[in-house]
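Can you keep this structure in mind? I'll have questions shortly.
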Amino acid sequence: MTPDAATLTYDAARDRPAEECGVFGVRGADDAAVLTALGLHSLQHRGQEACGVVAHDGARFHIERHLGLVGDNFAGQGAAERLPGRTAIGHVRYSTQGAPVLRNVQPLYADVRGAGVAVAHNGNLTNARLLREELVSDGAIFQSTSDTEVILQLAARSARQKPTNRLIEALKQIEGAFALVALVNDKLIAARDPLGIRPLVMGDLDGATVFASETCALDMIGACFVREIEPGEAVIASADGLQSQRFAPVRASRPCAFEYIYFARPDSVIGGRSVYETRKNMGRILAHERPTPADVVVPVPDSGVPAALGYAEASGLPFEMGLIRGHFVGRTFIQPTQAMRDIGVRRKHSANAAALKGKRVLLIDDSIVRGTTSRKIVRMVRDAGAAEVHFRSACPPITHPDFYGIDMPLRSELIASSMDPAAIAETLEADSLAFLSLDGLYQAIAGEPRNPQNPQLADHYFTGEYPTRLMDHGLAQSDKERQLSLLVDA
Amino acid sequence: MTPDAATLTYDAARDRPAEECGVFGVRGADDAAVLTALGLHSLQHRGQEACGVVAHDGARFHIERHLGLVGDNFAGQGAAERLPGRTAIGHVRYSTQGAPVLRNVQPLYADVRGAGVAVAHNGNLTNARLLREELVSDGAIFQSTSDTEVILQLAARSARQKPTNRLIEALKQIEGAFALVALVNDKLIAARDPLGIRPLVMGDLDGATVFASETCALDMIGACFVREIEPGEAVIASADGLQSQRFAPVRASRPCAFEYIYFARPDSVIGGRSVYETRKNMGRILAHERPTPADVVVPVPDSGVPAALGYAEASGLPFEMGLIRGHFVGRTFIQPTQAMRDIGVRRKHSANAAALKGKRVLLIDDSIVRGTTSRKIVRMVRDAGAAEVHFRSACPPITHPDFYGIDMPLRSELIASSMDPAAIAETLEADSLAFLSLDGLYQAIAGEPRNPQNPQLADHYFTGEYPTRLMDHGLAQSDKERQLSLLVDA
Amino acid sequence: MTPDAATLTYDAARDRPAEECGVFGVRGADDAAVLTALGLHSLQHRGQEACGVVAHDGARFHIERHLGLVGDNFAGQGAAERLPGRTAIGHVRYSTQGAPVLRNVQPLYADVRGAGVAVAHNGNLTNARLLREELVSDGAIFQSTSDTEVILQLAARSARQKPTNRLIEALKQIEGAFALVALVNDKLIAARDPLGIRPLVMGDLDGATVFASETCALDMIGACFVREIEPGEAVIASADGLQSQRFAPVRASRPCAFEYIYFARPDSVIGGRSVYETRKNMGRILAHERPTPADVVVPVPDSGVPAALGYAEASGLPFEMGLIRGHFVGRTFIQPTQAMRDIGVRRKHSANAAALKGKRVLLIDDSIVRGTTSRKIVRMVRDAGAAEVHFRSACPPITHPDFYGIDMPLRSELIASSMDPAAIAETLEADSLAFLSLDGLYQAIAGEPRNPQNPQLADHYFTGEYPTRLMDHGLAQSDKERQLSLLVDA
Amino acid sequence: MTPDAATLTYDAARDRPAEECGVFGVRGADDAAVLTALGLHSLQHRGQEACGVVAHDGARFHIERHLGLVGDNFAGQGAAERLPGRTAIGHVRYSTQGAPVLRNVQPLYADVRGAGVAVAHNGNLTNARLLREELVSDGAIFQSTSDTEVILQLAARSARQKPTNRLIEALKQIEGAFALVALVNDKLIAARDPLGIRPLVMGDLDGATVFASETCALDMIGACFVREIEPGEAVIASADGLQSQRFAPVRASRPCAFEYIYFARPDSVIGGRSVYETRKNMGRILAHERPTPADVVVPVPDSGVPAALGYAEASGLPFEMGLIRGHFVGRTFIQPTQAMRDIGVRRKHSANAAALKGKRVLLIDDSIVRGTTSRKIVRMVRDAGAAEVHFRSACPPITHPDFYGIDMPLRSELIASSMDPAAIAETLEADSLAFLSLDGLYQAIAGEPRNPQNPQLADHYFTGEYPTRLMDHGLAQSDKERQLSLLVDA
């Protein structure tokens, strides 16, 4: 997906950045497609718009892609029969460009010379558009507008003889952030971008090799964690065992800070750190950085809960579930119409007056993006009888958009890009507002302050320092739209 | 639904009693069907299997019933056009007999002499089968196997001239627990069983009358709470305003204890008491009744959270989210196949090792039914590294099934009906196990001990003292099945 | 269906009367539902809007009803498993009141005291509305607006002990035209109205009993023709063999003339006469009654073909397929929107210029209803280069509507009710126009002139002499609509 | 489609060769997609398995492709809005390889350098596989297994600057039979293979340019016939008017004989000759070549009707509709399961005993392929009481398969490839059997005998003289299957 288009599809209703994708792959286990579906189910928080699975039965490929949730499409008994084989990969994704269309749903598959190749990736290529233009000039026909297909087309045109080498050669040409799983005939390949921006882990299930975006997917199927895929590394699982191949020089990884702040499941472990613990740390440090007289600490559920627990622990204030999250709302968000989203926005949370009435409420959310949802929540809490409402963000002010696979609004819509905390507090109608500091965030995640020469995280959201070149970024929006396809998706 | 059949369809995967229904009605507001859909959406926790709405446009009725969630079926813009009118009622329900079938989905509608009548009810009639047999002998043709239809057939055969009086006359003949909303032409009627076992409240939305199972549905649409419907009372909203009519003598209400323990949403208020607060009370009292050395208090989310917060507060132990609940699992449960349910059972929760490793864990759930899920959770917590696992139930041992609209297993499957706590602890592989006492439960809810002469709650789950006669209970299962219908549902 | 409502749903696009239904039943054969589907498939010309099958497996009933064609809904292998048993009945029907709705699709099923009863009928009851009103006043709840349900409700309320006797008692109370098949538990019953207006035959398939609207359904499954059901006779097939029971006095049958003219398949035999031969006779007699100088005889296909062959044979003129009927148009007609119907009307036939150019064309159709289609066809033939176009109707002028189950326009829309042949010719822009005489029709079908004291056919279309009372006919349209149901069908 | 695969999917149930496709295109008319749908509807006899339409709105393309009939997918009012624009092309096709899959349904669309290109073609390329292999070796990714995509890939890789020239260049490289319509941005192009094997005509609709497989599609929308596309000619309709371009040298056309015998609609005109008249000629000449004592001439409907009329006329024998074709059977054939096809086979025709009993029947069909259906029909006629059954084929013995887009069985399954007429008569259980002679066929179509040096028709079915090279034919079946795609279609 191209960066600017991404901004158009930011999930305004949720007012939360939306990760594009989760990936999963397994080789060497019976009913690989069912394991893949279970793994994807545990990664469903990374994308609810569409899902797909490709299985290889030893000789041929089987593919199934759907709009909608994994549980609704792959949970029945039929999946094993429809997608036979001991090797499979899968993908969940969040809606991106306009109406979600099936031809863009991953994994993408292509017959290339001497092999079938299927690819699923999480992230965003920052030179996909330039590569695409070169390929089209050279006679390539694209069947989708997904940047994943660029990888397939590059592999198809590679002069290398061995099919896996063609895929590796393609990886060398792309830039950006990506955590990728692929099938090249019966070989399963996992590859991670040169900086390790997007997460990707390897596991073992009774001898079968498993790859997944997060460790929670390993837990789901009972697989053991083995290690993370290294930045710039491709791991190839084949009949000959595991083989590691580098397609970029060795560098320290620079994982995306937002995985810790919001995206990853709290029970996942990224870079050796418990996501839950890093979030509690954010709350603890925030309590120390910004002590505030209050009667109760109330999280915006569910993502604000760990930070609020950390804050309550550090501050000694009581923790209360002053906001209730409807169990059945999740589904509503994935509906593409604005009308549906509006209902979703208003209906996701409800105030629990019993915990709020007459109290000075310290409200903690993981982050503030546009501020629209935060304003609604502040009002809801006040309407329920709170005496004061103090809003706290468990991460620093978000001032810059992402170009690595995360849906975010245009910079101009990021409330912290143009307002200081006092102005934001006024806009949110909160009695006070404060953010975790950047060093506080680093302390919470890495246990040390930010290294300005060599930042330990991808933190462009807060700093504007993008970890890679942004090749496609100069192309004007209108030009790009015209060129991607002349076909209007139904 | 008949009691024994109910036991067959208890949601074993969830190992939690399953409320059958939630009801909602509104009269005198534009787009009444959309308001009804929103209200039902907030009552979705009371039933996810099917939903239906009937609207009256001033002259005629419009009906739409679906298997599945409210948000998936009524959330679009089309609902207002498909179901026009300023008066509407709706219903959500949990699957009951075998495969869910559309002909049993409520509201049910019938043309009776001089009027259209639509009825939706939450609860269970304890003499429905006997009444049905009399009616069939007299030539009545039933189109469903729902006991709601008994009410319609009684109303159709009533000799009373005024259609609303025919419905009232029907209410006098039925026994059991019911919270009912009905349309009789453009009149909206709400009625509650003589003991007020099932909840039913009245609200006001800018002059429009609203009825709902819980106050959270009033909050959802911005309506004000007015009062509860009295036990044995019917309230009729018509062009002439509100009229209250009694169909049973005045008695003290005896609300179902399980609404407080598990069913109702924590932000609802029943009988003037915050459900959230009563649950925290259960935890607090449990901490006093059963002090236990431990390092962390961990709830089984989401229903165990308030009790765990209360326990942590009273005991001074830290509260941790040691179990994570998948956001997208809710959907899985409504799948009717056993295979789907098994996946649901295993996938609802995951352990958060960061909060459990090396700790003495005090695990709190709202209740223990069969113990199967509890055992899995104990094992999951131990596998994540907990040093000790102490299981606590925030309600007393459940020893008797319900016959008032709540799916529960047969008595023989209720683990506490045949085992003492020590044996249950062994079965659950927990280091210790304890229950809240019956008087503790009364204290938590009513602020006073149980009055044995006149219990303040329907508490047969724990005592076996059923608040009404059980007329149908003697009929043998096989006889009953044969007689309800010779038609096999597709 | 009530007579006036019928007129509203006359298939204007086809400008042809539309038979409402075909029925089929079989007892004592494996896969009875599959045989029933095949039988219904051969009766598909009698109704394409909806179809249904009910099977009895020896203990319980299985039902499946659909909008659409038999081949699209029951042709797969699954039908045998979904509808198990050795006894089944089925029904095809043409759309009648407004939008087709599933609750009106036959067979209808009801649990009555001590038995399950399923009924499918072809025809129309002329006192259904009066009976329905009595039943509703007495507390009956109707689940459909179909007059078939009146039969079920009467049976449910009968005081007779034996379930089959209750159905017989119901038959005694209804008036009009009906060919009915029913299941009463495992008994299969066929019954025909007291005048035998609608056709119904009995066949034998290796010992299994078969009933069907037409003999072509017997041919389809390889069953032998046994005999017609007598007017006023009910035949009951049970484990005890066949039993005949009269519910009305013995009278000469008076079959509907339009079955011979248009409805029945040409390869069917009704009342011992080949439908194909009677149609050729109509053409032969028309040639003698109305000799016309012409170069070619051209039928309006397919229904006009036999008459045109007879005319060509008798006149010695060459027969040519000057109009081609699209093979894939049939499907279009069943679409309920007017837009679809318009396309259907224009696209059903195309002119074959090679057979028409420069010729004096004698065009033969089975009948003329409103004349709208005829006018289009005349113009199409002329546009293709015909020198003259002479239009001939193989039946007499239609001046009166039907109330026995055939969709026809209001009397005022029947072109022959207000115009003489010369005026019709002018309207149709034909060079001449002529009809078969009434006695010619009788000669063609019965081989003898009409007996005015005791007409051998139901011929009210041409004479206005209705063979039964029309009890419901006096009720005003608006009253009737209001009373049938307050529920608007989605 | 590759020739051998074609043989696998020959419609055995129908025992009739199955044309693969019909094409239609229009430029310069409002609602071009609706006109296209109507045109395709009239070409539905050329393929009932799938259909597709691509429209160009002046700036972008809109595509919609479906399995099933045109009337079921494009007949509603929505088509104009979903597929806006004044230029459109469309396609109907018959099922070919295994299960029909959407990715093979035409038109195919591709974004090529500087243009969008959509192509729909009728026919078969005899060097598609060789070209495909070269393209894949060169890095092309195919999204389908359709040979139409070869044309797109060749155009994408052409070095020519002007997009239309790239398409022309692609046409120069392909061999075989094809009638093609294409869109290159807003230009509409029609092209016909160098020998004009498949038909393609041009029409005019109030100034708009129309292309279609047959003239009946022009009649359907009221367009005038202008001329046929010449063999080896491409006609480009653009804002600059019509431009003709040759991509192959001028040669006499050699149209497929089977279009006259069976495929084309009788009201179409091909090469200036009425299809209906040529078929009557076949019957007339057969009557002279093979005079036979009989009582009636009976066609196998519908395709045998014109020949039977010609035979009856020339022989003076009476013509009778002794076989009735079910109106609603057409639909059954398109079902892909064998079970459905079996039902179709048995149920397409029924015998009309009234026209057959005791008669010496001369049965005329357009052709005999495998003989299986013919045998069933002979038996059916005899079972209906015919005294003698004489079978006549209105074309010569079919001894060779087709490789130009017509599904036919393997040569070994063609009954006339291994048996003489006497043996076939015995197999068919006919009293006699005869074929039209090859010169008789030429007389009927061309009015002159076959010119052995330069045959006027593609007549390889009867002679084995294929009009083009068969480049792909040497490739072994198994090799080819493996290489086309490793993806198993769901």
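The chains carry the letters A, B, C and D, assigned in the order they are written, with residues numbered from 1 in each.
By our rule, contacts are C-beta pairs under 8 Å (C-beta built on N, C-alpha and C of every residue); 3 or more make two chains touch, one makes a residue touch a chain.
Note that the structure is a prediction, hence the values are computed from the model and not measured.
In terms of the stated touch criterion, subunit A and subunit B have no partners in common.
At the interface between subunit A and subunit D, over half of the residue numbers involved are used by both copies, so each side presents largely the same positions.
Distance from the centre of subunit D peaks at B, each centre being the average of the chain's Cα atoms.
For this pair, subunit C with subunit D, the centres built from the Cα atoms lie 37 Å apart.
Distance between subunit B and subunit D, defined via averaged C-alpha coordinates, is recorded as 63 Å. Averaging C-alpha coordinates per chain places the centre of subunit A 51 Å away from that of subunit D.
For subunit A, residues touching at least two other chains: there are none.
Pairwise chain contacts in this structure: A-B, A-D, B-C, C-D. Per the touch definition, subunit C reaches subunit D in the complex via residues 38, 41-42, 44-45, 48, 69-72, 75-77, 216, 219-220, 265-267, 269, 274, 276-277, 302, 305-306, 309, 313, 318-321, 324, 326-332, 335, 337, 339-340, 343, 347, 350-355. On subunit D, the positions that touch subunit A within their shared complex are 59-64, 82, 109-113, 115-116, 136-137, 139-143, 152-153, 156-158, 185, 484-488, 490.
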